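Scrolling down, you'll hit the structures one after another.
What follows is a pair of complexes built around subunit A, which joins subunit B in one and subunit C in the other.
Entry: the complex of A and B
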């Protein structure tokens, strides 16, 4: 087995204790937090609970078993690929999550695309024109982008583009145009600011290197120097941050999903925690852990492509 | 001469006809028009649409359009009226109800509904494996306990007399029993068995709308049922859009993408005071009583004078006018104005800080005390608690606001771990059910989190439960309410005013005090926009 495959196998093997850890922590937290799932399912508004029905619901969900037994049962079923049945919806947890993955992936992908396009170009321009008006403008925009809360930017966009100008629908899930534009901008704005600042500092470091001076001395075109030599070498920290951020986006962007009524994994997780829907919460946490593990692995593997000096052994 | 007369007469007739048409025009504008796609919002996904499962407001708002209930509750009068059953009688001993189903009610799969379907629906709710939250509604039918305990294969108290007639016998005399049938959504056995657990995701009923599709957390689409026994609904498609953020819902409404929306405290005035929207605002005093519950076993709230003092200390009228923007009615007792037992003579507690201080002094707290004021983490509740805190400070009570997850608060209140909690109690259209949280048999999670016990109140509610005479029941409930108000196990805050605003071309929406979201959609229609 070559070095890279061994590396991948080792990393995937290490994922097993991570999975056990996150599910155990979720399980313990959901049990420690006060709030009876049966009571919360039975009456959300009238706040009266029928003891007979509560007893039957408890038995149906296996909540009468001691907590360790409940956890072991969950693990045993999870190993068979069965994440259980949601208390709230009475349907397969796995199916519920899989259904929401396309919406989450579309939003995360679009937001990341916007963030990279804006962030990288703004960062490169700011680095090449250090201390100029353009640089100051990029710092200002990045500060605004990072400081502006998602829900506020989302509502501003809705007010401007949907209510006032009537260019886009205020919310909903559908084709990328027109439904994805506002949520993607809302989610991508903050991330683009982070990427812009990081690209700027990374580029500033790289363009002072000897090999850039050599490239300039050789008479290479500016564009070639920036893209081929500077940006590629400046990309490692950017890729690391983008990878971590993408994991976060794929785990669900709860606030953006809520403002734009976007049916993603984030809303599913929050709704399940509110009503203490343990199987669904466990399933969502497992999904998020998987995304993080795979994204981190992808980021690590990309280092070898970006920097041939990196070897996996 | 003659032709001239005829010509004049013709002109006169024409003028008359035109005048008549001009007069008639506004009337024809109000004539129901068939067709159109109706869009309304739900604050979150209903999760499951099986009538035996979810009892949330959101789920029932959808289910009531897909299924027929055996009886219906008239939203204007709160009286029972025919549903799938066109007639019903109650026996002289007040225990047995006989229902006669309409002929020709068709499930969406084309089969006719029969009495066996009603029996199956009730037995399905009582089947322990189904763990239905509605089990309490039917577990006092004769033979139900044996069925639940698996000592019987069917419920002895349900008799199918013939294809369309059914007799149900209760084991006790309970005047609220007929009401339970307004929530009984009848299901076709063959579809339940065919779909299994999926029935809650792809429901098949006999109601005015047929299930088409469900995109989770996004929308539910229904289409009109061509063979509905009351006639095909006027709108051809009904879409429930899941919009969790109220500000987004408002944007959707303002851009015409929702046909109506419910209003909250923050946007109520914007529409109710706007002459453009005012004609399209529908308001009703909802059957919900907002209150601060008191743990009557915990010092110093175990002293009735302290509880009365808190009721006198808070200026609820000002709070309703300012914090709630007038979207509520100040409460005098637990029973709201929409219920028939509401007593206009009941005065409740006036805002009287001086009297509050006197009561506190009599109870041995002349310098007040510290009190935790618990509520959920919602910003609305936060504003209420700040109001309480401000007024209580005037009489020396040092309130400490504790906001937490709703489930955490409910759990701790049920276990009597906290001194107070902020809740909205809704008990439906009957005063016996409404006063349920004040019965000592409902201690803890079943509703009486206050651990309030007054034997006379128990006896009065018990008697009201056994009384089928509406007039007598109202008297008993009013007397019980008078005693409850005197004992002050709650701070009686306000009755919610439910408000919706609809688009100008929408007709037929009603103010439903049980729940504004429960709209009889088959009677709603949309005037096409010119």
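Entry: the complex of A and C
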């Protein structure tokens, strides 16, 4: 098997036990809730608990099985795409999540694009103009960016751009312009600050290398040196950190969706926790964690493209 | 230095909050002062219960710093212990500890804490527990990495040759050399824990009313952005300055103690 396929196979195999661990933790978390969930739901919906009906519902949901059997059934069903039925809406949990995925994907994608464009540009400029006013400004903005709570930034943007200037709507879901701009900036700002800092330090290391000096001596244009030679080599640690920061992006999406009433998976998760809809909360947690595992896998696989030496580890 | 000054000021405010705050953050509620704009005597305005925002921000320092310190103390204790054991003994110990850390890492940052809050219910004390359960992983991994390289040093080999027990080598020789990265991570981690608590409170999963938490103040402020923007601006500024203070202090400590850890 060639190097690249061995590399991919190894990474996929490593993801499997992590996924199983995630399903186990999610199952345990949602099943150590005190009290009988059936009785709780019946009490809420009907104000009385009919023992016979409760017994039938418990059997229907598989809650009378021993915990290990419940876990195996849960895992088997999850692999088949069945995440259970919402206590609140009686609808399929997976269907409810899937309906919300496009909104979260749009938000996270736009935020990542903004973060990479702004962060890499700022970092490259700061590195090429080290110790200049631009460099100092870039470092200051990056420090502010990593410290600023994203929900505060979102509220400030709403106050300035929606309430005062009335350029953009304060909340809601619709076409990218005008609805996605503020949420994407809110979510992407923190990550852009991290990327800027890392790009700067990574570029500073790379531009001192001999091959960059050789490229300059050969008379190559500055832009070609930066993009073809420097940035590609500086990208590896940046990709590593972006991979780690993706967790912050997904967590940040939960909060950003609340600020802007964006109907994504994150908002569904928080709403389901508030009303104690445990199958929905469980499904959302499992879904987001699975997406995160797959995103990390994609980041790992991108190393092989960026640095061919990685294939032969 | 800037970071140290901000953190120093926060510590002073936390200790002397009751003397600095002009009003009680919970009991001094008067609906006649509903959503008053900043002015005399309410320097930063009032909220929907007529409570002084400045006093609530001052007392909120205790909540935020308390969470930051308690969470990072537990992260330090658990993370340091597990990191030392994992790195020093290796084998099954290392495997079990690192796989547990990986499973927690597999959950996006705050998500695990949110999932735990879903189970145990929203409250400030549950925030300590939830954040404490997830905060040890980074520290354990870094300490493990440091121990792996320290283990190879000649002075460790010399100590072993002189008959030192594993426990003695661990506590006398390995542990002191892991203090620098631990201090840096804990300092940076306090800022992260404060931000996490504010985020959980903003979502309604953290400190419950009437406890003065900056995150829950912002959550209320969101609904009154048009009429009372001060409810959103000032608590958010407090979170921002606090987190920046700890980040700058952590960066400074890193430059001083371990420049290799620079981003």
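Going forward, the second predicted complex is superposed on the first by the 239 of 313 C-alpha atoms of A that agree within 3 Å, B and C clash if a C-alpha of one lies under 4 Å from a C-alpha of the other, contacts with A are read in each partner's own complex, and residues count from 1 in each chain.
FYI, a residue touches a chain if its C-beta (ideal position, glycine included) is under 8 Å from a C-beta of that chain, and two chains touch if they have at least 3 such contacts.
Since the model is a prediction, treat every value here as computed from it, not as a measurement.
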| item | value |
| --- | --- |
| Touched partner set for A:274, first subunit B, second subunit C, both or neither | both |
| Which of subunit B and subunit C A:263 touches, first, second, both or neither | first |
| Touching partner for A:72 - first (subunit B), second (subunit C), both, neither | neither |
| Partner chain(s) touched by A:98 [first = subunit B, second = subunit C, both, neither] | neither |
| Partner chain(s) touched by A:158 [first = subunit B, second = subunit C, both, neither] | both |
| Which superposed partner A:247 touches (first subunit B, second subunit C, both, neither) | second |
| Touched partner set for A:221, first subunit B, second subunit C, both or neither | neither |
| Which of subunit B and subunit C A:140 touches, first, second, both or neither | neither |
| Subunit B and subunit C contact sites that coincide on subunit A, given as residue numbers | 33, 155, 158-159, 163, 170, 258-259, 274 |
| Subunit B contact footprint on subunit A (complex, rising order) | 33-36, 39-54, 56-57, 59-61, 85-86, 88-91, 96, 99-100, 155, 158-159, 162-163, 166, 169-173, 258-261, 263-264, 267-268, 271, 274-276 |
| Interfacial residue positions of subunit B with respect to subunit A in the complex | 44-45, 47-48, 50, 53, 55-57, 128-129, 131-136, 139, 148, 197-198, 200-201, 215-219, 241-245, 247-248, 251-252, 254-255, 257, 288, 405-408, 410-412, 414, 423-427, 436-437, 442, 445-447 |
| Subunit C-touching residues of subunit A, taken from the complex the two chains share | 17-19, 21-22, 24-26, 29-30, 32-33, 143-144, 146-149, 151-152, 155-156, 158-159, 163, 170, 197-198, 201, 241, 246-251, 254-255, 258-259, 269-270, 273-274, 278, 281, 285, 288-289, 292-293 |
| Subunit A partner contacts - residues on subunit C that touch it in the complex | 99, 102-111, 114-119, 191, 195, 198-199, 202-205, 215, 218, 221-222, 225-226, 229, 232-233, 236-237, 239-240, 243-244, 247-248, 262-263 |
